[in-house]
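Input: structures, listed below.
Both complexes below contain chain A, partnered by chain B and then by chain C.
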Partner chain A sequence: MSKWLQLAILAALIAALPLLFPSGYYYRIGALVFVNALAVIGLAILIGQAGQISLGHAGFAGIGAYSCALGPEWLGLHPALSLLAGAALSGVTALLIGRPILRLRGYYLAVATLGFGILVAMVIQNERALTGGPDGMAVAELGLRDLLRDLGWRIGGGEFWYAVSGIVLILGAWIALNIFDSPTGRAMRALHGSEVAARTVGIDVASYKLKAFVISAVYASVSGSLLALQNRYITPDVAGFLHSIELVTMTVLGGAGSIMGAVFGAAILTILPQVLTALADYEQLVLGAIMIVVMIFMPQGLLPYISRRLRRTGK
Partner chain B sequence: MTFRTTTALLTLAAIGLGNAATAEIRLGASVSATGPAAFLGDPEAKTLEMLVEQLNEEGGIDGEQVELVLYDDGGDPNKARTFATRLIEDDEVTAIIGGSTTGTTMSIASLAEDEGIPFISLAGAIEIVDPVKEYVFKTPHTDRMACEKIFADMTDRGITTIGMISGTDGFGASMQAQCKDVAGEYDIEVAADETYGPGDADMTPQLTRIRNTDGIQAILNPGFGQGPAIVTRNYSQLGIETPLYQSHGVASDAFIELAGPDAAEGVRLPGTALLIADLLDEGDPQKEVVTAYNTAYQERYGQSPSTFGGYAHDAFQLMTNAIREAGSAEPDAIRDALEATEGLVGTTGTYSMSAEDHLGLDLSAFRMLEVADGTWRSIE
Partner chain C sequence: MLTVEGLKSCYGRIEVLHGVDLEVAEGEIVTVVGANGAGKTTLLRCLSGIQPVSGGRVIFRGAPLTAAAHGRAALGLTQSPEGRQIFTNLSVEENLRLGAYSRSSRGVRSDMAESYAMFPILEEKRHLPAGGLSGGQQQMLAIARALMARPSCLLLDEPSMGLAPLLTKQIFDTLKTLRDRGMTILLVEQNARAALGLADRAYVMETGQVIISGMARNLLTDPRIRDAYLGT
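After this line comes the complex of A and B, so read on.
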């Protein structure tokens, strides 16, 4: 699929879905899907394109989220500026730790990134005076909704965050698709295929790994910031190990490496628990079973599998 | 023609059903029945389910049945907010009970405020009701009150210098801060201040350091879960003689079992009437409420209720009482009735709310308890 077609489909979906929403609660789910999808797109670049694993990306989401909480509170920064500051901080952090960490491969890289994520969560937990500790802290209002109200456009919280995260998602997808098509994207895919081969054709493997890591960190950070601003309250869970795993699972489930796969994976894992509440005690069981089935029968991820099946029946 | 009539009838029936459904009173709840805070949320969920059933068997509120929509947020504030949105927007509930932890409560609270839905929280932190939020109430006493109760008891015993050993989890850390903050008012000096992680299996080093600090007259251990039981066991193994105080976080029979009756002997903590239901005087105002809840819970689930289940019990009684008083299921009417609650007897204490106080409990709600012969005993 061409870049513009993918973007058009995504934009059309985001714009048209509210027509089917029976209540305001669906806007909330939609907004959550978009926020998660944003982080997953970042991971699709790192895992799907460059072939590096990270089990610590919630750490960057945590940095982004707490930047939006701490910036307005301690530095008097506007929440929107705090989001950018958080993204910059995440990028710089990724740059600093990326160099040494990305020399590792496979399991060792997974463990190192895992350690980073846990460290961020621990700092947030323990710096009680600053972050409120495990109880979390309130996040300032973005203020954009009041501005719109003053302009005579009243919009509910759910709809507003659906629109904002939808727009940011399209923007994020557009940037990611541009990266895919650029020499950088091709270099990343080359080193994913074979590091040795990539090096022999003159690709600076270390620098492209680092680029992928920094880009994905910024995506995760913005995702964390949007979550914090939307929930108006944040706890260290956002930086927790489980959140990291959740993000990686979304990436792999949807089919690592494509934008649509990222959005699809995020959508499934965000919506499924809401649907399964009807099963109450068996929710986790069913969720686990679905994951196992996908891993065994569709190892490339859901979306690649489905599109291949469709193509085959089309013939 | 017949087809059309049937459709029309069906549509009418559907509308009728719809009306019947909205005429019901719908209560929402989001608690942490699974996950790291399950020891809070599990008894809360069980309590709410039991009470709704009881209420409906007795004819509901003024003849109207109450429907409870209960979700399990797993202790995740993000999920709690999603479920709260779902309760308000999709299930169209008139009021919400829940938020087992401070994090989940605070993420529901801003939503309840925005949408104007009365919300009773089951979490401890003082931030929930201070400053007062229009639609947010809570049933558990605050950490600060627990500290005050303990310090008052220490003052009675002539204790002025203490050592603290606190868990670094949300509960422990919050209570540690509150206790240190309020200690000065009781002329109590915290001479040693140690902490332990939620997963630690041995607190001997911290306790040894406290024992070796000069002038320590008592040890206070804010925390919940396994930690306090291990502290109690280590305390006994080290043969420390100074009195040991635990927090209301472990006020349950399970604590004595976990620490061992021998090690726990003489441990004091601020607890609620629920823990000593059968020891209460006949004239005690809480006797009837506590016994009824205790018996019903034991009968249904085969285990004794915890303090946390009691919080849910009180929240449910406060809410249904407010709906009855308001005579309507309008959120704003319920909110006003909640704020006007006067002298409602719960398992935790007697609630009297006001515009400045959305908790409605004072220190008298706590009872100082001591472990004696493997069971709880009131020392008042």
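After this line comes the complex of A and C, so read on.
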């Protein structure tokens, strides 16, 4: 499917879905899906294209989230600038730790990134004076809504954040799709296939792994910032181990190899728990079972599986 | 074109190349034959920069070769690695495009057309994932991909590995055509008979050293080689 078609479908879905929303609550879920999808797109670049694992990307989400909380509070920085500062900080952090960490492979890389994520969460938890510790802290208002109101456009919080996260998601998907088809994306996919061969054709393997790591860190950071800004409150959970695992699971479930698969995986794993609350005590059980079944029968992920099925019946 | 002087290399503390000397002149096919574990592949890995060198030096086109592995393709030294190592998850055409990664994109299209002319089956399958190709087709792709870099010297590691005799012959015929067009080739092979039949000069390696070298034609009839490597 062409890049523009994929983007058009995504944009159409984001624009049309609210027509089906029975209540304002659904805007919040939608915004949550988009925010998660943004981080997962980043991971799809790292995992799906460059073939490197990270179990610590919530650490970058944490950096992004707390940048938006701390920037206005301690530095008097505007929340929007804090988001950018957080993204830059995440990128630089990824650059610094990525260089030594990405020499590792497979399990070792997983454990090293895991360590990084836990480190960030611990710093946030323990620097009580700065971050409020485990209780979390309030986040300043972005201020864009007030601006819109002054211009005579009243828009509810849910709708506003649905729109903002949706637009950022489309932007993120557009960038990711461009990377996928660029020489950079091809180089990443090549080193995923064979590092030795990638080097013999002239690809600097270490630098492309690092690029993928930094790009995905920035995605996670922006995702964390948006989460903080729309919730107006943030706790260390955003940087926690469970959030890292959640992000990787979404990536793999949706189909790590494709950008739209990432969005799909994020949507399913964000919405499903909401639906399954009806099952009360069995929620986690059903969720786990679904994931096991998908991984056994559709190891490439949901979206690639579905699109292959459709193509086959289409013939 | 390529001179190797006293090349040594270690895996951990164990030295596996004990000072290899070798020379490849422009426009010739030189082959390195030898049994499993003789150090042939290690030698090639040193030349392409994937394996660290612990002693000696390599001179390529008049200058010592010190560039990192990924910088050597741009210098004109391209390896088609052992076990083909094509990018299985990418399409045939993307593989070829990546072969030209280290040079300017001008002329990529016409070079690709040339690859397809050389291996028509690749053109037929150009949009399919390379992982779906047969062993022989993958080998063709590996060679075609290496040529996309427009190398002045091509390093080939066991192109006959796992191929039926007919396919091996086809691959070797291609190498002959390449030489006729002026390509310089260093060919590492276990299939000594085929390699010696094709090459201009040859080196025989054993336990990390060159033990015999000479004109390939003469080595074919050398009794030491006939007994040890040709099995006749």
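In the analysis below, the second predicted complex is superposed on the first by the 315 of 315 C-alpha atoms of A that agree within 3 Å, B and C clash if a C-alpha of one lies under 4 Å from a C-alpha of the other, contacts with A are read in each partner's own complex, and residues count from 1 in each chain.
We adopt the following convention: a residue touches a chain if its C-beta (ideal position, glycine included) is under 8 Å from a C-beta of that chain, and two chains touch if they have at least 3 such contacts.
Computed from a predicted structure; not experimentally measured.
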item: Chain B versus chain C as contact partner of A:182, first or second or both or neither; value: neither
item: Contacts of A:203 with chain B and chain C, given as first, second, both or neither; value: second
item: Which of chain B and chain C A:192 touches, first, second, both or neither; value: second
item: Complex interface listing, chain C residues touching chain A; value: 48-50, 68-74, 78-81, 85-90, 94, 97-99, 101-102, 145-146, 149
item: Of chain A, residues touching chain B in the complex; value: 22-26, 28-29, 32, 125-126, 128, 133-136, 138, 157-158, 227, 231-235, 237-238, 273-274, 277, 280, 283-284
item: For the chain A and chain C complex, residues of the former touching the latter; value: 183, 186-187, 189-190, 192-194, 196-205, 257
item: For the chain B and chain A complex, residues of the former touching the latter; value: 34, 71-72, 75-79, 81-82, 85-86, 88-90, 101-103, 106-107, 109-111, 114, 125, 127, 168-170, 173-174, 177
